[in-house]
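These are the structures in question, set out in turn.
What follows is a pair of complexes built around chain A, which joins chain B in one and chain C in the other.
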Partner chain A sequence: MTDAQTNDPHGMTRRQLLRHTAWFGSAVVLTVVGGEVISQIGNSNAAAPVPAANDAPALRFVQISDSHIGFNGPANMMVEQTFAEAIDMINALPYRPAFVMHTGDLTHLSTPDQFDQVKQMMSELKTSEVHTVPGEHDGVDDKGAKYRQFFGKGTQGAGWYSWDMAGVHFISLVNTLGLESMGHLGTDQLEWLRKDVAHLSSDTSIVVFSHIPLFAMYAKWGWSTDDSVQALSYLKRFASVTCLNGHVHQLFTKTEGNVTFFSATTTAYPLPKPGDGPAPTPVTLPAGKLHSALGVREVNYVKGNERLALKDVRLT
Partner chain B sequence: MPDSASAPAGAPVAASSVTIKSFAFSPASITVKVGTTVTWTNQDQDAHTVTDKGGAFGSQALNTGASFKFTFTKPGTYNYLCTIHPFMTATVVVTQ
Partner chain C sequence: MKMKDLLLRLVLAACVAGTGWVHTDLYLNGYRSIHVIGPSFLLTGAGSFAVAVLLIFSNSPVLRLLAAGLAAGALFGFTLSRTVGFFGFTETGLNPAPQALLSLLFEVGALALVAVSFVPVMMKARTTSVVAR
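Here is the complex of A and B:
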């Protein structure tokens, strides 16, 4: 029930699917109410991007992930173009998101040119703030030094930071820069996190961003964080904790107690489902199918309802 | 699934070139004489690195078809990995 891979448009004919346009197409709406995840297929007649909310959202933001600027393989020969398409989709929203969060693997090879290119592209986003966390592709040979030159302003340690907006406490964690274990947060960051949330009241809504999942999605491929249990122990007292990650290039969700995890898809290329094959090798889809595996995520927060509404929208 | 040419642990292969394919170094363990230049070539679609855990050598990210060379001047056992995919590990044994 909580498996967000229900991005498959159940019950729709191919003709219906094709008729749908960008925003109300094959989206899955994941509504979190009191810790319970409810998913439904987006309706082409929907009047608003995220339905079922009578109250005006206190906050709307967008998550994008895994643009892999610089990748050039059969799985996607035009990652710059598909990333530009994602930016165009965000800029075409009927509202201006409070911020756009890129959850890592901005670049493919961590070169200065790639960092410069992705930063310039994101400067085109029509939003007040652009946030990022680094992926392992962003710290390939320097433990994230170049990443922090481009995106590290105002951050601490390896690039972690937090901020408050509309009553929500947002936390950006770095779990991609450990040499021999990944994901890994490390003792310095864990201590920072403990202190960061210590002063918050327990009814504060918490949203945590990281590149690699904070849950064990598939440890064999590095799709987990080996010390996330410690991090999550600091968040146990909060009523609502939402963890949003990238890295796995596919939609997935899981709820553990007060915490709900959502993996986002990519704007670059799909990866296999966990354990499907010997390695997380980029998947080359049949011609014309790539865009259906790529997308962006809208997130609405309605104050007082303890509700985060997520809408994952395919690139078209 | 591609055939893996990984050597069993404790049985390094005499070789000076290593292929990176299907998220594995192959052969996974090689032995060379001091002064040998070893070449790693990435044949995967994804990028990889060749990074010594002890810091003796380290490549940048190797895109598809890219190579990295390192000349070993000191004997010893070098355990290395890919920083992007740390589950990819391998060894170079350098002898006099």
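Here is the complex of A and C:
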């Protein structure tokens, strides 16, 4: 065989082989470089605040989640302290949020003492209104009866309700109390939701709060709601629907048609990424790293903007 | 070089870049947090952009095969995520919209274009083997 030609008419010359190798190598190098650049962009997006809208917000509120008051484990031995730090952080904001929403798992074991403690702590929030939805930890032994004693005033059914503010229709759903393998809303709540939004014009901005995600974030771990498709079908005609949830203890975003889903982080302890390990058990981070996994979320709504502007702030 | 070949190659590059754009967008907007899915979206995004850029400069069969591999891999992952699950990750239908549909169109288009690009080579090979006999 010479340098230029093999004897096989279907074979390739050494030069051709080198050329193919060079193109393959170039593709690999460019992939590595591109992957590094995209990865860096992803990391900077996660750390940097969402750009503020040009116009002054018509509404600003804060979401906190999964305080798990009463939890005591190596992942966080002081959940009360980190929750207090989150409250201090909200109170130190340069504006007064229209309301603060806690998206569930206020307590860890739903004892009266834990409910009393979390309610007292939240009374220190400098805001006009405090809203809540229950997590599965808030109805451990009584399907949410104690939760409703403390936080159920003005709600319907298992604790669902809605209200209007600055032209936005807010809906708080309960998808934790009929919990088996994943979130569940139930026929009564779905019928209430259908009627609740029936009178609204299609250009109304809708914000939905729930504890468990209303999208299939990771069904294997129950990070999904089995009858959310029907709930979302009632919201299809609206131009802007934003769903904010807790439960998964980490930031996550997903868009499906007109609906954008945002999972919030926790003030207590992190959980593993979906599928990372056999089960979503508390993750113990190295010393000094816990606060970077905890945080609160600021939400701005500007009239005329379809999407809400979210800013996830780490606990400092 | 024939104008037809150049056009075919550029459309293929556009399809591959489209796949890269969809996967990168989803990676940056949440999917990066998902075990295995995040890194695979990153790989598909970066790999697709790399191959798309190189396809502008060369019609190398290696690049076309890489383009086909990326598209087929993405389609395989898509199918698994709608059926038995992909490393435990499942999605339904053409969600997230419109990214899922766009990605499908780009990937099917890329596979079809790669197949078309190899037709002359295969015909030539067949002719050569017939003559040799």
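Convention: the second predicted complex is superposed on the first by the 261 of 316 C-alpha atoms of A that agree within 3 Å, B and C clash if a C-alpha of one lies under 4 Å from a C-alpha of the other, contacts with A are read in each partner's own complex, and residues count from 1 in each chain.
Criterion: a residue touches a chain if its C-beta (ideal position, glycine included) is under 8 Å from a C-beta of that chain, and two chains touch if they have at least 3 such contacts.
Keep in mind the model is a prediction, meaning the values are calculated, not measured.
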(message) Residues of chain A touched by chain B versus by chain C: which partner has the larger set?
(response) C
(message) After the superposition on A, what does A:112 contact: first (chain B), second (chain C), both or neither?
(response) neither
(request) Kindly classify A:216 by the partners it touches after superposition: chain B alone (first), chain C alone (second), both, or neither? (result) second
(message) Touch test for A:167: chain B only (first), chain C only (second), both, or neither?
(response) neither
(request) Using the touch definition from the top, say if A:136 reaches chain B (first), chain C (second), both or neither. (result) first
(request) Considering only the touch criterion stated at the top, classify A:74 as touching first (chain B), second (chain C), both, or neither. (result) first
(message) Looking at A:281 after the superposition, I want to know if it touches chain B, chain C, both of them or none. Which is it: first, second, both, neither?
(response) first
(message) So chain A touches chain B in one structure and chain C in the other; where do those two contact lists coincide?
(response) 220
(request) Show which residues of chain A lie in contact with chain B when the two form their complex. (result) 70-75, 108-111, 136-137, 139-141, 178-182, 220-222, 277-282
(request) Can you check the complex and tell me which residues of chain A touch chain C? (result) 9-10, 19-20, 23-24, 26-35, 37-39, 41-42, 45, 216, 218-220, 250-257, 272-276
(request) Name, in rising order, each residue of chain C that touches chain A in their complex. (result) 24, 27-30, 32-38, 42-43, 45-47, 49-51, 53-54, 58, 60-63, 66, 85, 87-92, 95-97, 125, 128, 132
(request) Would you pull the chain B residues touching chain A in the complex into a rising list? (result) 1-2, 22-24, 44-47, 49, 51, 53, 58-61, 63-64, 81, 83-87
